[in-house]
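Take a look at these structures.
Here come two complexes built around chain A, the first alongside chain B, the second alongside chain C.
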Partner chain A sequence: MTDTITRAVVEPAPPPTPVRRRRGRVRELHVLLALVVVLVVVAVFPGLVTWHDPYELDGLPFTAPNGDFPFGTDEIGRDLYSRVVHGLRVSLFSAVLAVVVALAGGAVIGVLSGLRPGGLLDRALGILTEAVMAIPGVLLALAVITTYGRGAFVAAVAIGIGEATGFARLIRGCVIQAGTLTYVEAARTCGAGPLRVVFRHVVPSIHHPVLSYTALHFGLAMLAIGSLSYLGFGEAPPSAEWGVLIAGGQKYLAHAWWVAVVPGLALTAVVVLFSRIAYLSQKDNR
Partner chain B sequence: MTGSPSSASLPARLARDVATKLAHAVAVVFAAYSATFFLLFVLPGDAVLARIGTTDAIGSNDLAQLDLDALRSEVGLADSLWSQYLHGVTGLLRGDLGRSLITEQPVTTLLGEVLPNTVTLGAVSLAFSVPLGFLLAVLAVNPRSKAVRSFASMVPSAYVSLPVFWVGILFVYLFSITLGWFPSSGSRGAASLVLPVTVLSLLGAAQFAQVLISSLRTELGTTYAAVTAPAKGAGRFHTLYRHCLRNASFPFLAVFGLRVGQLLGGAVVIEMVFSRVGLGRLMVDSVKAVDLTVVLGIVVVLAAVYVAINVLVDIGYVLLDPRLRRHPASATRKEADA
Partner chain C sequence: MTPLVWITGLTVAYRRAHDDVEDTALESVSLDVPAGQVTAVIGESGSGKSTLAHAVVRLLPHNGHIRSGRIELGGEDVLLRGDREFRALRGRHIGFVPQDPVASLNPTKTVGAQLKEAFSLARSPLSPQAVEERIHQDLLDVGFADPAALLARYPHELSGGMRQRVLVTIAFSQRPRLVIADEPTSALDVLVGKEVLTAIHAARVRHDTTVVLITHDLAVASRNAQHVVVMERGVVVETGPVEQVFAHPEHPYTRALLASSARVAQGRVLSIAEAHLRRAVQPVRETGQPVVELEAVSKRFGTARRGTLAVDGVSLTVPRGSTFALVGESGSGKTTTSRLVLGLERPDAGSVRVLGRSVPDLRRGELRDLRRRMQVVYQSPFESLNPRLSLRGIISEPLDAYRIGSRAERLARVDELLDLVRLPRSYRDRRPTELSGGQRQRVAIARALALRPELLVLDEPVSALDATVQARVLELLTELQRELDLTYFLITHDLAVVSDVAQRVAVMRAGRIVEHGTTSDVILTPHDDYTQALLAV
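== the complex of A and B ==
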C-alpha cells in the first residue's frame, strides 16, 4: 500500500508532448483521412480512374505491366489495374459491414455486462464472449458459411460476429471505468436512471478509444475477408474481389508474378492506411 | 519459498484456483459447442441435399421424387433440435464427436489423421516466434541509434498488416520458384515445413513484439528503471535485461494465450496456401460438402485447445508473478500464524 503511494508521488509527470510533433501528427491524420475519402469515391465510381473494362479481354494474356496496362494483364487478358480498382468496392464495403456488425454486437454486449460488473448477466455474457473468442475467427466464419452459403456479405457478417468479442471486452472495460468518473457519479446522485447515465454520460465519454479500435479492426476485417475469399468462400471467381484475384494468380506465379502480387500490395496498402489512422488517433488522445 | 509462513497454504490455494479455472474452462468449451451446434443445425435441410450431391447439381424436379424425410432420419437429422443437441452433448462427454454426414467415418478418426500435421506446424512456429518476438522487442528498445530503434519497432506493425496467405505466396515465388531452395507444397519431410513455419512464426513474432515493445517502453519509464537503477550504477543493458524484461513479460504472457487462437486460424489458411494435409484442408472440404458434424468437431477441438492453453497460461501467470500470490486472505492468515 505505502509502496504504491510513494510511487505515485515520486513518479515524474510524463513530459508534455512537443506541440510541433503533435501538430504534425494531426496533419498526418488529416491527410490519411482525406486518402480514405478518395478511396471511398474510387470504390463507388471506379470508372473515374480506369480506362479498360474489368471483365473485357482487352489485351494479350500475361502482358507485363506497361503504360496502357499499369499492372499488366491476367491469364485471359483482362486489365489487372482496372480489376484491382473495381475490386476495391467489394473489399471496402464488406469490411464496413463486418465492422458495423462487430461494433453493434460488441456495444450491446459490452454495455449490458459493464452496467453491473460481476453480476449474473455479466458472467453469462462473459462465458459466451470467451466461447466465441476460443474459436479462431476464420473457423467461426467458415462455420457460419456452412449454414448460410458462400458470399462476400455472409463472410463479412461472420467475421463481424467473431470480432464483436474484442469490442465487447473493450467497451465493457470502458463502461466500468467511466462509471467511476466524477460527473457520472454526480449524474447518478442527481437521480438519473441507469439508462440515462449510460446513454447521456457513459457512451459519449468512451467513443474515442472505441473509434481508434474500430479503425484498427477495419484493417483486420479486410484481411480476414480476404483470406475467406482466397479460400473460395467469398465472392465467386469472375468477381474482382482482391482475395479472389490473389487466389486466381497463385496458379500462374511462375509465368506472371504480378497477377497475384499486385492485389496483395493493394490490400496491404489499405490495411496499413487504417492501422496508421488507428495509431495516430490513439496517440492524439493522450 | 521454504520457511515462509505462506508456503503451507500456497498449494491449497493453488489447487482451489486451478479447480475454479478448470470449471470455467469446461463451461467455455461447452458454450462454444452449444453456440456452434445451434448455428449449424438450425437449418438442417442443406445437409441432406449435400449428402445426395451438391446443392447446385439438384434441380427442383429431381428433388420432388426423393424422400427427404427418409434421408433425414437416416442420419439422425429428423429428430427435434433438442434431442439432437442432447445426443451430441452426451457424445461429447464420452469423447465421441459423431460420424461424418458424408463419408460416415467417425469425426475423431478424421481429426486424428490430420491433427498431428497441424499441431506440428503450430508448435514449431510458436517455438520460433517467441524468441524472435523478444529479439525484435529488445532491438526496438535497447540500441542507442534512434534509426535502428524506430526501424525495429516499425517492422512488427508492418508485418501484421500483410495478408498472411499473400506472404505465403510471395515466399513460394521467392524461395521455391525463383531460388528453388524449398518445395512449394506438400506435407512430407522437414523441408516442406520450412516455408509455412517461416510465414507463421514471423506473424507470431510480430504480434508478440508489438505487445512487448509497448510494455518494455512503459517499464523503462517507471521510477525503478529510469531513476533507481541508473542511480545505483546499472547500465542500460543491465537495467533492461535484469529489471525490465521480467516485468514486461507478464503482459506478454497474458497476450500469449489470446494469440495462440489467431495462430491456429492462420495455420488453417497457410495449410491451404502450401497444399498441406491438415486441419485446414479437412475444414475447407467439410464446409464445401456441408458436413455439419465434421465442422462442429473441428471447431470444438480447436476451442478446447485454445481454452486448455489459456488455463495453462493462467496457472503459469500465478506461479511466475509473486504479486498474484499475495491475496488479502493469505495476509490475514499470515498474521494469525505469526
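== the complex of A and C ==
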C-alpha cells in the first residue's frame, strides 16, 4: 500500500512543460532558418536546381505537370518550374531592398525621436511619419512608380518608405523604454554621451523585437511587391517575377490551373515561412 | 503538540530552460509545523524558502516539480490529490499571502468583487448576506475603519499596505487551518509592514489559525514567530523554538546569519538604539569645505495645482570625508533629493551646490566635468549593470567615456579596481549574470570609483542584498572611504544601516526634513514623533 503511494509520487509522468515546448520552438526556428538559407542559395544560383531555360519555349503550351516539367508549362510552352525558381531571385531581393530601406529609415527616425520624447525633433518626426502613414501604402508606391518608372526595385523602395513608418514607431517606443533602464541612466551618470549610450546600451537591448518585426515585414513586403507586379506596376513580362506569373496565368485558370496557382502557392509559402519565423523568434525572447 | 503540517523528505527540482539538467531546489526537506502557532522559515535568497511555500500550496512555476516526499496536512497526504481535488483544498483549508501586493490583486476588479470571489471559488456554503457580513467584519478586524467605502474601490486607489491587508483578509476569509505568508512585508516600508504583521496576528488569534511566515528578516522572525526553520541552499539546517535557536544556534550557518544581523543578539531583538551603542561608528575629522550644500531646495512634479511637492524646502550640508545619511520611506522625496544633487533633476527653488559648483547653473559640458568627481551606486545591482557587457566593459565605461589613458592603462585600471572591491581579477571577462547580488554590487562600486571621484551617492546600496552580504558590502564601503578619503551621500530607508556607517543623518518625510543631527543624537534621543516611530520598529 505504502509502496504504491510513494511510487506514485516518485515517478510522476513527465508533463508537457513550457520548457519542452520552448525547446521544440527553438528546433523549429532552426529548421525554418535553414530553409531560408536554402531559398537564398537557390535565388542566387537558380541554375543549380533547374534544367530548362525560363525564357525558352522548351515544351508544348499548357503541358500538365510531369517528370520533365514538374510544374507544367505556361501558355507558350515555357517551363513553369524554372520560371518560379528564377522569379524567386527578383521577389526575394526586392523584398530585401524594401526591408533594408524600411529598417534604415525607421531606425534613424525612431532613434532620433526616442532620444528626447516630446522634444521638438520628436514632434516634427512624429508629424512626418503620421503624414506618410495616412497615405495608403499601395497609393504611395503607385505615386513613386509613376514618377520613377516601373520595375520591382522601384516598387521595393516605394514599399520600404511606406513601411519605414511602422519601424520608426516600434523603435521609438523601444528606445524610450530602454531609456528608463537603470543601467542606461547609470551609463549617463558615468559621463557617457548620448551617442555612446545609444550604440552601446540602447540598440543592443532592443534588437530582439526589431528583428522579429523585420522578419514579419519581409514576408509582407514580398506580398506587396507581388501585388504591384500583378497590377502591372512592378516587373513587366516576360520577367518571371511571381506577381507577373500569377497575373499571366489567371486567364487560363479554367483549363490550366497550374499556371497561376503554382506561383501563388510559392508566394504564400514564403510569406507564411517568414511570419512563422517572426512569431517563433518573438516567443523565444520571453 | 500535534503538528498541523508534516513534511517528510520533500525534494523539489527545477528544469533548466535550455537543456535537460535539473537543479534541486529542495533536498529531502523534513519539518513539522505545530498547530495554532507561527512558524518562521528563514534563509537568504536561493535557500529554497519560497519554493517550500509554493510546493505546499502547489503553486510551483511550471518548470518546477516535486520529485519525492510527503506533505501531510492534518493527517492527509495532500500530494495524493489530483490538481482538481487539490484546488478545493487551497483557499478553503490553506490561505496564501503573497509577496508582491501590487501584482497580486486584479486591477480591473473592485476590492469587494475580489473578496467575494474568494468565497465563490472556495464554494463557500454561506448565503450572500452572510458573506457580506463576514467581509465587513474581517475588514474591520484588519484595521480598515470604513469597509463599506473600501469595497467599491479599485486596487490602484489603495496604498501598498492597504492592498496587503486586503490580501490578508482574503487569505483568512475561508477560515483556513493554515495560512502561508511569503515575505508579506518585504515590499513594504517598515512602518507599513508592521501594520500588516499586526493584521495577520489579529486574524490568526481570532480564528486560531496556524501560520507559516517566510522571511529573510531575523528581527521579523524573532518578534512574530514561536518556531523557526533555518534553511540554507535547499536544506533545513536547524529547527526549534525561536528563543532557543536564536540564543543557542547550533549550526554554523545559523550562527553566521545571526552574526550578520546587528539587530538580534542573545536570542532577542535589540532596539535600533541598543544596536547602535554596540557598534558605534568611528567619528571622522570633518575638514574643509562641505561637499554638498542644499539650501531651501524645492522640487515639484506636475502642475502647480495638481502636482506633488516631492522636495519641500530642504537644507542640508555634507562635510568632506564623512557619510551623510538621508533616511525616509518610499515617497518621502529622498531619491528626488539625490537626483537634484546629481544634476538629473532641476530644482524649482533654492540652491544646490556640489563640490563648490552650483549644479543647476552648470552647462552640459560643465556638468559632465563635475560628474567625474561625483558618481552613483544604484539600489539594485541586478538592474544597474548592462547584462550584455563583460565586467571589463562595465568598469571601464567611465574611463572610455572620458577617454582616460590608453587601452592598456584602462585595462590595468580595471584590474586595480577589481582588487579594490575584493573581486578576483579573473572575473573581468565574466558577465553580470554569472555573479551573485553582492558581487554585482561590488562591480557597481568599482565602476563608480573608476574616475577617482570625491563624492559617492549611494542610493539604497544594500537593500536589494541578503543580510550576510549586506554586512560585507557595508564593510567594504567603510574601508574604501578610509582608504580613498571619500564622501558618501547615503540614501536609505533602513536606520540599522545608518547606525552602522553614517556620522550624520537627516530624516525625511513628505518632502521635508523632520530631524537631523549626528547619528548618535538622532538615534538615541529622537525628538520627532516620526523618527521615534521608525526607531521603534
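Keep in mind that, in the parts below, the second predicted complex is superposed on the first by the 269 of 286 C-alpha atoms of A that agree within 3 Å, B and C clash if a C-alpha of one lies under 4 Å from a C-alpha of the other, contacts with A are read in each partner's own complex, and residues count from 1 in each chain.
Basically, a contact is a pair of C-beta atoms (placed from the backbone, for glycine too) under 8 Å apart; a residue touches a chain by one contact, two chains touch by 3 or more.
Note that the structure is predicted; figures quoted are calculated from it, not measured.
When the two complexes are overlaid, the chain among chain B and chain C that reaches more residues of chain A is B. In the superposition on chain A, contact of A:L48 is made with neither chain B nor chain C. Of the two partner chains, neither chain B nor chain C is touched by A:V31. By the touch criterion defined above, A:L120 reaches neither chain B nor chain C.
In the superposition on chain A, A:H201 contacts chain C only, with no contact to chain B.
Residues common to the contacts of chain A with chain B and with chain C across the two structures: 10, 12.
Chain C contributes residues 15-18, 62-63, 65-70, 77, 79-80, 342, 344, 368, 371-372, 375-376, 378, 380, 383-386, 388-389, 397-398, 400-402, 444, 447, 450-451 to its touches with chain A in the complex. Note for the complex: chain A touches chain B at residues 7, 10-12, 14, 127-128, 130-140, 142-148, 219, 223, 226-227, 230-233, 243, 246, 249-250, 253-254, 257, 260-261, 264, 267-268, 271-272, 275, 279. Remark: chain B residues 24, 27-29, 31-32, 35-36, 39-40, 42-43, 46, 157-158, 160-166, 169-170, 172-173, 177, 221-223, 227, 258, 261-262, 264-265, 268-269, 272-273, 283-284, 286-288, 290, 292, 295-296, 298-299, 302-303, 306-307 touch chain A in the complex.
For chain A in complex with chain C, the residues that touch the partner chain are 5-6, 8-10, 12, 15, 17-19, 22-23, 181-183, 185-187, 189-193, 196, 200-201, 204-205.
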